[in-house]
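Each of the next two complexes has subunit A plus one other chain: subunit B in the first, subunit C in the second.
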Partner chain A sequence: MAFFHGKAALIKIGAVTIESTVSWSLDVTADTVDTTAMGDDWKKHETGFIDFSASVEGYAKTARATVAQLGVADSALVLYVDADSFFTADTAICTGITETANKDDTGKISYSFAGNDSSGLAYT
Partner chain B sequence: MAEAFYHGKSSLAYWNTSALVSVTDWSCTLTADTAETTAMAASNYGKTRLAGFNSGTASVTCLATGDSEVGEGDSHVLELLRGAANALGGYAGTATCTGWSFSEDKDGVATITYNFMWDGEVINTVTEGSD
Partner chain C sequence: MDILNSICSAVMTHYNSLDDSKKFNSGLYFCSAPQETTGDYVVFDYDGGSTDEYMGGADDAIQLADLRFSLFTTVDDGGFTLSEMIDKLTDSFDWRDIQIDGFVSIKFQRTGNGPVLCFDGIWQTTILYEVMFIKGDG
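Let's turn to the complex of A and B:
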């Protein structure tokens, strides 16, 4: 068993790498419904749909066309843990972009994604 | 033009074609609404969605120098420049000032933060910088 160092991580939209990223995170959830009935001692649940959201943080770049990425839903999102291991969604929607400029710092940018894949998320 | 890092010390903010003075930082947040399209099907595992409307907000913080430069409720073109040259890009569009907050601390100088809501399309092309 090996650890993963973040320096080997990578994020791709389709086949294109998002340049100058510093971190990413992935949240996966499963809807559940309560199936507890009278007579039970403990609650029981049935699983519904799987969902995920992801965020990517990085350095902003001059001349980068960010607005055109907003709401785009036709590309795969690939979150690399390292060069060989990654999470893939066939499609994800870019639901948010925040760019910040501060007088004492490098320009920063963050992206938010929502899952859009009926087969869920795959790990390779 | 090739993409490059930029330092915020060279960034600028313009409101109604006038440069806001003593800006310390700006932020632009854009969001895309989504509507779910997940439907019943034994083979469906993950949720699916359609993209809806785009919208966004922005904020600009300045060292306070007196009266507010931006009036609450005013609507004008807001440009947030990554650097002095237009080619570096940024964010531009019509925005409404939804309010501002003034703060002062015994250990610092007074600052004012203007909050904006973009009103319509936002583009990366800016025009108030140098060509």
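Let's turn to the complex of A and C:
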């Protein structure tokens, strides 16, 4: 196990690398159900559904057809930590795109994804 | 080719591509002009730069650089010729798409100017630019 630097990270949708990205984040959550009963001293929980979402930020390009990527449910999402290590979800839905233009700065774009995969996330 | 060399070469290439009417009668130089230069001439300097990297390989980055153009004229006419030189320079460089192989120009932005001075009949001023390029082909 080693530390890593995000410079070598990458994001792919399907087989296509999203160009000029500056960050990604992955949020994995597990629902819980409160099963505490009268007479218990401590609260009890049962695990529920596991889910993940991801977001990506980068520099926007004029040639990128971003809106067409919204709602596409059958794309694999691969989040590379470095060249050899990555999270893979066979399917993820692009749930949002925010593109910004500012007179004093380069254009920026961000994507958000929701997991849509019964097999969940795999880490290689 | 390093980015300093690339940017400065691109400025010279862009200048050399201009119509003669938009050029300075004694030329554009990098860092220094010949000692005895007279007439209207401009010297530009690389005032430093920075790199804003994004994910990927070592050269995946936005390159920022500050350029300083120093305008000189030995025509002692109260600054009229100097103001014409300012117009020529800004018309030719403000937000122009300066071509660098392997990079895409994001901006060539005028960010300021220095005072107008006259020493021994030589009128001069400076114009500052901030330029930004990103690796790629468009």
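By our rule, the second predicted complex is superposed on the first by the 123 of 124 C-alpha atoms of A that agree within 3 Å, B and C clash if a C-alpha of one lies under 4 Å from a C-alpha of the other, contacts with A are read in each partner's own complex, and residues count from 1 in each chain.
FYI, a contact is a pair of C-beta atoms (placed from the backbone, for glycine too) under 8 Å apart; a residue touches a chain by one contact, two chains touch by 3 or more.
These numbers were taken from a predicted model, which means no experiment stands behind them.
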item	value
Contacts of A:97 with subunit B and subunit C, given as first, second, both or neither	first
Which superposed partner A:106 touches (first subunit B, second subunit C, both, neither)	both
Which superposed partner A:26 touches (first subunit B, second subunit C, both, neither)	neither
Partner chain(s) touched by A:76 [first = subunit B, second = subunit C, both, neither]	neither
Touching partner for A:58 - first (subunit B), second (subunit C), both, neither	second
Which of subunit B and subunit C A:7 touches, first, second, both or neither	second
Partner with the higher number of touched subunit A residues, subunit C or subunit B	B
Shared subunit A surface residues [contacts with subunit B and with subunit C]	19-20, 59, 63, 106
Touching residues (chain side subunit A, partner subunit C) in the complex	6-11, 19-23, 58-59, 63, 106
Complex contact set, residues of subunit B against subunit A	1-9, 11, 23-34, 38, 41, 43-52, 54, 80, 82-83, 87-89, 91, 122-124
Residues of subunit C defined as touching subunit A within the complex	53-56, 60, 62, 106, 132, 134, 136, 138
In the complex, subunit A residues that touch subunit B	19-20, 49-52, 59-68, 70-73, 89, 93-107, 112, 114-121
